[in-house]
Amino acid sequence: ETFKPAVVYDFGGRNDRSFNEAAYKGALQFEERTGIKFRDFEIQNPSQREQALRNFARRGLDPIITIGFAQAAALEKVAKEFPDTHFAIVDSVVDLPNVRSIVFKEGEGSFLVGLLAAMSTESDTIGFVGGMDIPLIRKFACGYKQGAKYAKPDIEIIENMTGTTGAAWTDPLKGGELARSQFARGADVVFHAAGLTGTGVLQAAADEGKLGIGVDSNQNHLHPGSVLTSMIKAVDVAVDKTLTDAKEGKWTSGVEVLGLAENGVSWSYDEYNKPLITAEMQSAVEQAKMDIISGKVEVHDYMVDSSCPF
Amino acid sequence: MGSVLCFSWGWGNAFETVYFESRNEIDAQVIDLIDQKGRATVAESNVPAIELIGVSKSFGPVQANKDIDLVVGKGSIHGIIGENGAGKSTLMSILYGFYHADSGTIKIDDKTTTIPDSKSAIAQGIGMVHQHFMLVDPFTVLENVILGAEGGALLKDGVANARRELKRLADEYDMTIDPDAVVGELPVGLQQRVEILKALYRGADILILDEPTGVLTPSEADHLFRILRVLRDQGKTVLLITHKLREIMDVTDTVSVMRRGEMVASRKTAETSMEELAELMVGRSVLLEVDKPEVEVGKPLLKVEGLNVRDDRGVLRVKDVSFEVRAGEVLGIAGVSGNGQSELLAALSGITRAESGKMELSGEKLDLSEAHDAAEMRTKGMSHVPEDRHRMGLVNKFAEYENSILGYHREPKYSKGMFLNKDAIRKEAKERIEKYDIRPPTTEMTAAKFSGGNQQKIVLAREIECNPDVLLIGQPTRGVDIGAIEYIHNRIMDMRAQGKAVLLVSVELEEIRSLSDRIIVMFDGNVVGERGPEATEQDLGLLMAGVNQEAAE
Amino acid sequence: MLDTIILVLDSTFRLSTPLLFACLAGLFSERSGIVDIGLEGKILGAAFAAAAAAYVFQSPWIGLLAGIMVSVMLALVHGYASISQRGNQVVSGVAINFLAAGLTVLLGQAWFSQGGRTPALSPATRFESITLPFADTLANVPVLGPIYANLISGHNILVYASFAAVPLTWWIIFRTRFGLRLRAVGENPSAADTAGLSVTLLRYRATIICGILCGFSGAYLSVAQGAGFIKDMSAGKGFIALAALIFAKWKPVNAMFTCLLFGFLDALAIRLQGQEIPGIGEVPVQVFQALPYVLTVVLLAGFIGRAIPPKASGIPYVKERT
Amino acid sequence: MSKGQLPRWVDYGVLPALNLLAAFIISGLVVVVIGEDPFEAVKWLVWGALGYGEGIGYTLYYATNFIFTGLAVAVAFHAGLFNIGGEGQAYVGGLGIALVCLAMDRFVPWWVTFPFAIIGGAVFGAAWAFIPGYLQAKRGSHIVITTIMFNFIASALMVYLLSNILIPQGTMSPSSRNFEAGGQLPLLRNVFTSFDFGQSPVNLAFFLALAVCVVVWLLIWHTKLGYEIRSFGANPDAAAYAGISPVRITVVTMLISGALAGLMGINVVMGEQTRLLLDFAGGAGFVGIAVALMGRGHPIGIILASMLFGLLYQGGAELAFEIPTISRDMIVVIQALVILFAGALEHMFRPAVVAFFDRFSSDTAEA
């Protein structure tokens, strides 16, 4: 067998219930479907990023998928050293002939859930809980705000970040407290983009009889009836597709931007949140989706000017 | 050759063989003096309260007790004397179950027993007042007394009981004390009272007191001895450790002498003399007289005016003290320890800041209420031998040569730029080791491993050899054997002869009287009187207790 | 306004509880002369064990018990190192923190294969909020009603337990024989020893109590406030508890107030975050996130002055120097 | 050798080896519990760290970090201060280094930037240690607590700066821009081409670390300041008696300690990453505590202990690579056990060894 794929996760690791875990799932799906085993590695400190990539490349693993924007610098170095190996990176752009860069339009997905949040709030106040205050999270927040204001121009949005150390992504108790504080200030729907911390946000929403919104993968099932929807970022699909492309000789390098149009981001609708989504909401969100895809509505990308006008 | 060498008081690697040779000679003499069979007759009554047979104990490389035999008669006061480090406290701590003997047998009331811990000692009726008090400072007197004997899981009942019992004991033995006072705030004399009450509260039949009088005024000591006699008359047995031969003669019925971990003799007090005991202790006959030649007194080198010092807790410890010391003069400050002497020295030497006060040092005026540091004072010509060399004078972890520059390490002769000039330091340290006969003669051993007397000499050499104008010297011979005492006293006299000013603080009246030209006595932070060296011990003793007879008259 | 205050205070209670347990745990340990930097590790270990057991046995009580057991085991390791082996207590504590951080995830992964997490706990397997009697009826009484119904009522049992532990601790430390002896070994172990007490035994007992209380703290995190174990979920609470202990000058009632203060600062930081401050405008969130730590330093420097720990704390009791 | 004493080689060689052995035996048991072969694990661990050039390079790279933070903790220890804030000081020190590099890298070659970067790292690290030191000296605020607090505050500060100020427009990752050649330290693989360091990031900072070891050794044992630091640490009363100001020594020692921690950034920021990034210190500040204790505060010991931890880091990564069930958490457990046995339980085997030697020496004495 010459096809030996590998995945390198970033901090948080394979089981972070969010982003890295979605990548892991994608690779698993591929493995189940094709029977091809993959290797993976969880890095522990920044220096291991390069080391892990190089180790895999040297052992002839190909393609190698790296997860997370933080790996870009390492990949840039290693991809040059191994021009014959195929690399992919999720969430960042590395402009090299042997690298496929996969980025998502988180803003678009967040726009949709923001719109849903605005439509289901009774207090005209909604909340957002981020992990660490970094550009990626602001991108989520910005789309969410735009979507909410699109539905209700004078809606109030409370925005909080969890912390400043790595624990910001893994502190559900703090997440819960932040959510509670937002509920106390009148919010009744809260969207989180905070990895494991977010499980605390959803838990608090369930405990308080308010609504939460999941992120990255479909989290509706965590607290049926209390999760309004989830902003799905199809990392799993992207990973699976990348592996499949490589396997079938359809590899392309370059940037792949996955937005609503490409089904890279979406909102979740299943039996768990069916009772929460009215027909009116459903049609509004589908309409918005079409408008975004058609370009009628332009979702602001925080990364373009590092600011959010909403 | 033994006759020459047996006057040496220490030992070192180079001297080891020679030394032991000579020591065996002394031991032979000493052993002749001991009536081996006479030991049983030494006891006052037929039943010994305590009998130790062949008790040995070492701490790592140090053998503190070697094959000790001891018999103490029931209902007697038995004294134990010996130099510092002779192993007295260790032996008593074994009896009290604090340490375990490596080998040997203990008999209490003629029954062989083991004392695995203090609990068992207490159960067998043994109580001990330790040399370093075993008190919990932030606790009240009552809490300290009942600790370990609370009488119930809750404190309430026990406390009430103890309060009654304490009152009874206080009345019976004339030892009044406020049961609710915080022990850490009591003067040492009262702290000791708490220790004794602790033992009595537990119903001790055998009471061990380890150097109880070091912290007492003569009258307080007398009071203590009266209590001890009462206890003896009630049938209790008392073991008393002291360095003061006079106390032994005063109060004990029998006495045992220890030297270098061994029990060298036991005597009926009535049948021995201070001279014999001193000789047994040191292993040679001792001269305690100091040769004090007439010296012309010059101009004042140290003047202190209106000095007030507060301690960390904000208590005023030195109250408006003024004095002067002239060139060629030794001014002795007498007093029971804890009456402000330490704070006085600390303020004068620049270690602590005074609340107010002026000092004139070799003509230079200084305001002591401003911040100074000890290094500054040294550069102005004042050096300082601290009272407690372990706590202050030495860094125990440092090698000898490093200690030989403590406080002088910034002097140009010890440095090359920002670096220490270790060659120069070692060279000078070697010279001093020779001059002061520090043993073992090595610059590399850590200070901790030198014996007490030699540690003191390291400090003395450092503070004297820098040729100061003024020497502050606290408790110069505390923890030092008689041979070294002689040497130290002679050095102080040399300083005086060279026209330096010496301020001597000591709790030993003997020492003060034999060295000083003038004596001032401190009590509760005040100078309560000034005397000449010819003042009687009784007079000084009263002053130390705060009573100025002269002023009263 | 009252609502806001009540909400911040309500959050304060929830945030203070794990600190308070840990702080009292540290109090017992340090009062006996054992410095414990390993509170953090014990909390973490307990949180893991509690969540795992609560899940497996479907009972929060068994979870609590398991948490206590694991925490006590870690405490005994610390005790063995610092009491029996007279090791460096800080190093031992650091080691225990690392040990708990690694082992919890390792075992969690081996047992539950969820990346070191335990499966999420259903409401029935957690300690749930308790509504105190008449809370609903009294809710409408002005001022006192909301205070009773929203602030005092409606916490889980461990919150009440933590506050009940304060007078209990005070009583044990200052009113019982055990407390007297404990304080004595922390101040002057030789004195306790010569009074016929076993320093070793007393210190071990204090260490075990410390373990039990950390067990409560950990269980609170994973089966009361949270719903399952997540790696590193103690997030520095053990260290904050130590800071609170120094603040409190090793006194139980002070400990309660300082833990409430720390909880309050945290709650306040959460509440203020993302709000415009009048006259200053938008302040970076990091300022609020750093606020509790900055205030701690300011308070340490400005108000409490020199805190004097139990005299023997951190020093192994060695009778015989060799 | 008198009774109860051990020869130096036993004290500094055999006992630590026994302690490490115990730590590894217990770790082996944990490996067995999770169903892997401990001997296989040891093999990969050692091979990964020392078996080939790149592994050695990485081991040295990690060791470089720990030398800096270990020295930082050790210097403070000599003054009796417990600096838990190495992590934060290293983090902020990295900022100083990055600012120097960002300002100079486009205009001058690296060897011009280098000394300024050293100053930048040292000054920023020292500044971060200054406040806890000053508060300890002047206000008696417990240094352990304040340094912990300053670690948290450093994190907040760095997140703010990295995601708002230093981040180049339009990038995702909260990190500064990459330094150009003028801000990059030469890697050893490019300097010593004859030795195969693979692609490892070990760089000139390694020699800086060794040089700093010499400096610290001179400082502590050969200068007047070092003498004062040790006096103050060993016996504060004696230091006061010697006219050594506790305030000055506390503050100066903390400044030196912080500066040493701050230099760690040279290795990571200027040597490996050639940019400033979030959480780059990655716990090295805490490992420094263990390193300082195991190295007994002496630079030689610190180098050896750093090598040990470097070996664990690198070998551990390799091990996790080869045997995926032995995850990174296993490495944390091994570290914990090493700290426990070699640090807190360091005296555990002493009585037995002493007894052994006593018997041994009395045997020879009789013979």
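Chains here go by letter, A, B, C and D, matching the order in which they are written, and residues are numbered from 1 within each.
The criterion applied here is as follows: contacts are C-beta pairs under 8 Å (C-beta built on N, C-alpha and C of every residue); 3 or more make two chains touch, one makes a residue touch a chain.
For clarity, every value in this text was computed on a predicted model and none was experimentally measured.
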| item | value |
| --- | --- |
| Set of chains whose contacts include both subunit D and subunit B | C |
| Chain pair with the higher count of C-beta pairs in contact (C-D, B-C) | C-D |
| Interchain centroid distance [CA atoms averaged], subunit B/subunit C, Å | 47 |
| Distance between chain centroids, defined by C-alpha means - subunit C, subunit D (Å) | 30 |
| Geometric centre distance via CA averages, subunit B-subunit A, whole Å | 76 |
| Mean-CA-position distance for subunit D and subunit A (Å) | 36 |
| For subunit D, residues contacting two or more additional chains | 4, 152, 156, 159-160, 327, 331 |
| Junction residues of subunit B - those touching two or more other chains | 60-61 |
| For subunit C, residues that touch 2 or more chains besides their own | 109, 116, 236, 284, 286, 289-290, 322 |
| Each pair of chains that touches, named by its two labels | A-C, A-D, B-C, B-D, C-D |
| Contact footprint of subunit C on subunit A as seen in their complex | 13-17, 21, 133, 158-161, 163-164, 167, 170-174, 176-178, 180-181, 184-185, 196, 199-200, 203, 222 |
| Residues of subunit D that touch subunit A when the two form their complex | 58, 61-62, 152, 155-156, 158-160, 163, 167, 169-175, 178, 199, 201, 268, 272-273, 275, 277-280, 282-283, 313, 317, 320-321, 324, 327-328, 331 |
| Parts of subunit B lying in touch with subunit D, wherever the complex brings them together | 58, 60-61, 349-351, 373-378, 384, 386, 391-398, 402, 406-407, 409-410, 415, 418-420, 422 |
| Complex interface listing, subunit A residues touching subunit D | 11, 13, 39-42, 44-48, 50-52, 54-55, 69-70, 72-73, 81, 91-92, 132-136, 164-166, 303-306 |
| Complex interface listing, subunit C residues touching subunit B | 175-181, 183-184, 187-188, 190-198, 311, 319-322 |
